[in-house]
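Okay, structure first, notes after.
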Amino acid sequence: MELSLYLFYISAAVAITTAIMAVTRKNASHALIYLVVTLLSIAVIFFLLGAPFAAALEIVIYAGAIVVLFLFVVMMLNLGRSSVARESQWLRPGMWVLPAILSGVLFIVFGYTVLQTENSAMIEGQVVPPKEVGKVLFHEYLLGVELAGVLLLAALVGAFHVGRRYLEERREN
Amino acid sequence: MTTALSIPLEHVFFLAIILFLIGAFGVLIRRNIIFMLLSLEIMMNACGLAFVAAGARWAEPDGQIMFMFILALAAAEVAVALGLVVQLARRFETLDIDRAEELNG
Amino acid sequence: MSVMLLILLLLGAGVVAWVSERVNTTLPNWIALITFVATTLWVLVIWFNGPDTDGLYANLNREWIPRFGIDLHLRVDALSLMLIGLTTFLGIVAVVSSWTETKTRHGFFQFNILWVMAGVIGVFSAFDLFLFFFFWEVMLIPMYFLIAIWGHEDKEYASMKFFLFTQISGLLMLVAIVALVWINYNISGVLTFDYDVLKEANLDIATARLLMLGFFIAFITKLPSVPVHTWLPDAHTQAPTAGSVILAGILLKTGAYGIIRFVVPMFNEASKEFWVWGMSLGVISILYGGYLAYSQTDFKRLVAYSSIAHMGFILVGVYSFSKLGTQGAIITMIAHGFSTAALFMMAGAIQERLHTREMSKMGGLWVRAPRMGAVTMFFVVASVGMPGLGNFIGEFLVLIGAFQKSVVLTVFAAIGIVVAAVYGLSLMQRSFQGVPNPDVPKMHDFAFREMSVMVLLMIALVWVGIYPQSLLQMTAPLLSELLRPTL
Amino acid sequence: MHLLWAIPALPLAGFLILFLTEGRLPRSVVSSIGAGSVGLAALLTGYVAWQFTSSDSSEFVSSSWTWMIVGEFNVSFRLWVDALSLVMVSVITGVGFLIHWYATGYMSEEEGYSRFFCYMNLFVFAMLILVMGDNLLLLFLGWEGVGLCSYLLIGFFHKVPEFGYAARKAFVVTRVGDTFLIIALFLIFKQVGSLQIQEGLTFARESMPDPATINTIICLLLLGGAVGKSAQVPLQTWLPDAMAGPTPVSALIHAATMVTAGVYLIARMQDFFMLSQTAMLCVAAVGLVTLFIASFTALVQSDIKRVLAYSTMSQIGYMFFALGVGAWSAGLFHLMTHAFFKALLFLASGSVILAMHHEQNMFKMGGLWKKLPIPFIAMLVGSAALVALPLTSGFFSKDAILLTAWKNSPYAILFWTVAVIAAFLTSLYTVRMMVLTFFGKPQSEMHELKKESLWHPSRIRTVVPFGLLAVLSIAGGWMGFEFTSDLFGDKGVHAEFHFDPIALLTLGIPFAGVVVGYFLFASDLVDRRKIIKNRLSDLLSKFWHSGWGFDWLYDTLVVKPFRFIAQTRTNRNDIVDLFFKLIKFLASLFHHILSMFQTGHVRWYAFTMVGGLLLVFLAVVWI
């Protein structure tokens, strides 16, 4: 019991740290690796919260598929040293001020909102198994599933269309 | 079955908020579109985290289902966005989002 | 029933014409022409069969959407019949005048013409306010396409202006219709859009005033009268010939018809209070339209502004609340339909030959094309108000009716006759007389196609001019109904 | 059955035939249709006149279809003829036929021969409707119809822009008068409840309310209409310019018939005018002022047709004057004689002008009497009648007017004096015209007269109209006065001729004018160059030449401001449209302001989104 509590706070700390690192890296590949770590620690937290199915999905799809897709693109575009230099040129300290202030204010507001609400409930970590998730998903949320499917189809068509135009242009050239 | 922990819901929410703001911060400061997309992923994860936490609070599957929808959304978004990134890199020969100003009205 | 068939025939012919352009590009023209000739003959048959005992030529009353009290109520009395006859006749003119003008999408062009006409006939015969509004919209949208697709250099601007003016004013009317129906429902407990019922609605005078204004503004925008006339010169100038012919010949009449049929009988007391404003707007339109007509250098624009002046007479006539004035307004509607349609057709013919509407680039055309000169002279003289031709009868009756109501306003309106002479003759002088412009290319005179239509229009105008009684006696029984109890 | 309807129908038929054949007929056929239809109408008029005099009825009526009935308003196409109309019809068809006949020669070498006769026939038709109409609306139809034909014929040579301008001026200026007339019609309808002329007259005689202010207004409005059509002050300026039309047109429309329509109108509406002293006085004053101004102006013109135009104006001024002082029959009598001799003068001047290569300037003529003997004799006869030498027709009519004015007017001395001065001036300018045109040395070359050209003065087409008109100009006075004096019965006044000083003076004035004119213009006794050099006379002559500056006045007061307003660039566009353009401008302004937020910078969008989020949450927290 103690252990899992510590595990949560450690994972949280790791997630925050790696997230900051991912956002501020100049090298895209490094940033992506940090992102993977963030995602993994979030997966741990999911698991701790009693959502093993979400944790698995987080690892398989997020860390596994999406980030790999990112990596492919980064490699394809060959973002090497020159891009690192360019990034450091773009990331001047002056740029940080306003977003930092904005984020700070937002943090206060969000935090205030969360603390204001009366519940100080505890999460007991009751496991909700995938079977139960599946039942609800395909009954009550069936329409949502359909819509998500349509969305993915649209994304598929969109990505294909965008990519194909690029191919055609290259063929013409 | 339980993982037998007992953490306040607020703590998880604060984690989600912090992650979300880090993502937002990243979107705001980066000019490289790949980093912006990356930051977006962090933001979406933060939202997912909040949903899952809320679901876990009641030991109901709805939070996880919402997370799955977010996942689908993220997948769709990344597919289209990365296609666009490639297009952008070819056409403008830069990943600088500020150079692609054709959206202006 | 026959009106519904008439409308359906036009709608159907429109679709057929559109499809037929795949076969042959002149086939749509023939289909439209045959349809209009057939409908004209049909209307003539109805005309000569005479009215039934109620003075109606056709009557159709079916439930349409009973839940909201909306009926399919189409009724043709003498006034409607005249205007429907004018519509189908000018349909022939429109088709013939643009026989060779369209270069693209011939089928869709004729489709739009046929659908506008169907909408107009619906407007002239609908006796259910919802149905009326429905047809009102049906006629506007094809007209928008006619201007926007086949118009001249500034067509986007003109079509958009036309659309915005008519839509916004139409919206006002819709609000007024719905409000009227709702108020009537609250008073009587009957939810209906029927004209005859709503005409008898017991409105208190303040409400009646407001609702009257809603209708009034919609109709004077369409008429058009100063100060909401500014869409007309642009739309007329940019529209293709057939579009101008329809617009000037018929669409403007829907505004006049609306005032005569709806504003005056439905809001009788409110309208009677309003007479000074109505007549004044008419007089201002007459003078202002005439003055601007004189300033124009564009043939079509000049005719367009002269239309505004002529429409002013209708307003003066209707708001004189006399039999003479109302009859004059009706005759003016018919006669102006003929004369202006002819002038726009002439403008289109000149533009087709010279590729310009600018009068400074014309001059001395009489020498090149004496028939066109003579025809133009005839119609200019008609629109100037020469006794013996239709326009004079209308204007004279309007003025003599208005004189009983207000001497001062009538005198000002009569000054419009002098102004008409000034711009009419200057049109003639600048385009057809004077030294032949050496830059003008050789132009061929009117051939059989155009001449036959022009002769028909001339005969029509002379007929209205020397035997207006044939029309007056038809509408005479209606007058008391239109003007309501007191005269 | 009398064939009344056929009189206007014949020229109408001629018009329709010529109009529909579009000038494809050979000229000989056109001539016979154009002139023949009017000739037949003239014969028919003779027949109807004979029927009329031999019958007992004082009116002939010919009804056709109903024009329009609305409520109590009821007019028909109905012809109605009494003695007054019959005089007019005779003049129109008779003189009209002679002029048509002459025109078949005169126009033989012009383009648009068929068009010319087409218009002329239409004119005769409209003029006949004007005088034969049984109601005022029919009269108005004719009234506008003749105005239209006048417009068409003045601008007949449509290639010359100035002629087109003159034609428009004529139409528009008379239109101003017509507007008065139509308002008079409205007022009459309002008072009488009918536009029937006879009903109106009956109403005026029997039930006109007293005091008849309304009646005076009606009369003044009618006078306004008459003034426009008859080219009287202040709407006289169109007539001299109207001389741009072919000479037969000037003879027929602008001398013999149309311009006298105003006189006819006033004579026709006699019962209205009789009730109003003011209106009568106005009629007389208008006539007198016109007479006076036009006579002076005619004195200094150099264009032969303009001299005749101003002379026409002044002679019509006499007629108005006559009507105004109550000499109804004398006025109408003068109308008739004037139609004869002025037509003759115009036709003769037409022959002269053709012979001089369309030269109308009298100073470039001279010494023509030998070369053009027939026009010379015609002109001499016409001039004699115009000057009112005793025993010519003009003498009888003008003398009657002057004597009546003396006997029957509240301002006898003033009126008579002015009229007599004008008569003196008439002699002066007539002599000047004759001297400059036919005597002295030739100033320029003449057209070589070919015997075969149809317009040759010795051809029968010219001689017969000249001869007949000359006979009428002289003998018209002998038979005519009896005829017209019956028209108005006892209503009018006319003076018998007695040998008293006034009568002798009236008789002598024309002679004095001729004699003085001879010394001034023809003899060497007076040094004309000295007069011309004199500054005062120079100024005066310029002033008179411009028609007393009326043209200038209207030009500055009306035409130029109107043109300025209408034709400056900024005003071509609709002022009202500015309002709608403002709306459009505002809409697009907002569009531009809002689209400034739409920069296309993705990070800017992200920034605003985060900012918006912040706002939403702030709102949630604190509200």
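Every chain is named by a letter (A, B, C and D) in the order it is written, and numbering of its residues begins at 1.
Just so it is clear, a residue touches a chain if its C-beta (ideal position, glycine included) is under 8 Å from a C-beta of that chain, and two chains touch if they have at least 3 such contacts.
Here the structure is a predicted model, which is why all the values come from computation and not from measurement.
S.K.: Looking at A-B and C-D, which pair shares more C-beta contacts?
M.R.: So, comparing the two chain pairs, more contacts are at A-B.
S.K.: Rounded to the nearest whole Å, what is the centre-to-centre distance of chain A and chain C, using the mean of the C-alpha atoms as each centre?
M.R.: Distance between chain centres, rounded to whole Å: 66 Å.
S.K.: Between chain A and chain B, what is the separation of their C-alpha centroids in Å?
M.R.: So the centre of chain A lies 5 Å away from the centre of chain B.
S.K.: If you average the CA atoms of chain C and of chain D, how far apart do the two points sit, in angstrom?
M.R.: Each chain reduced to its C-alpha mean, chain C and chain D end up 37 Å apart.
S.K.: Give, as an integer number of Å, the spacing between the C-alpha centres of chain D and chain B.
M.R.: 94
S.K.: Considering chain B alone, which of its residues make contact with at least two other chains?
M.R.: Expected reply: 24, 28, 31.
S.K.: For chain D, jot down the residues that touch at least 2 other chains.
M.R.: 607, 610
S.K.: Please list each pair of chains that are touching.
M.R.: Chains touch in the following pairs: A-B, A-D, B-D, C-D.
S.K.: Chain B touches which residues of chain A in the complex?
M.R.: That would be residues 1, 4-5, 8, 12, 15-16, 19-20, 22-24, 28, 31-32, 35, 38-39, 42, 45-51, 53-54, 57-58, 61-62, 65-67, 69-70, 73-74, 76-77, 79, 83, 87, 90-91, 95-96, 98-100, 102-103, 106-107, 110-111, 114-115, 119-129, 132-133, 135-137, 141, 144, 148, 151-152, 154-156, 158-159, 162-163, 165-166, 169-170 of chain A.
S.K.: Give the list of chain D residues in touch with chain C in this complex.
M.R.: Going through chain D, the ones touching chain C are 19, 22-23, 65-71, 73, 77, 137, 140-141, 144-145, 148, 151-152, 155, 158-161, 164-165, 167-168, 171-172, 175-176, 178-179, 182-183, 185-187, 189-190, 562, 565-567, 571-572, 574, 576-577, 579-580.
S.K.: Which residues of chain D touch chain B in the complex?
M.R.: Its residues touching chain B are 594-595, 598-603, 606-607, 610.
S.K.: Show me the residue ranges of chain A that touch chain D in the complex, using the header's touch definition.
M.R.: 99, 102, 105-106, 109-110, 112-113, 116
S.K.: In their complex, what parts of chain D are in touch with chain A?
M.R.: 607, 610-611, 613-614, 617-618, 620-621
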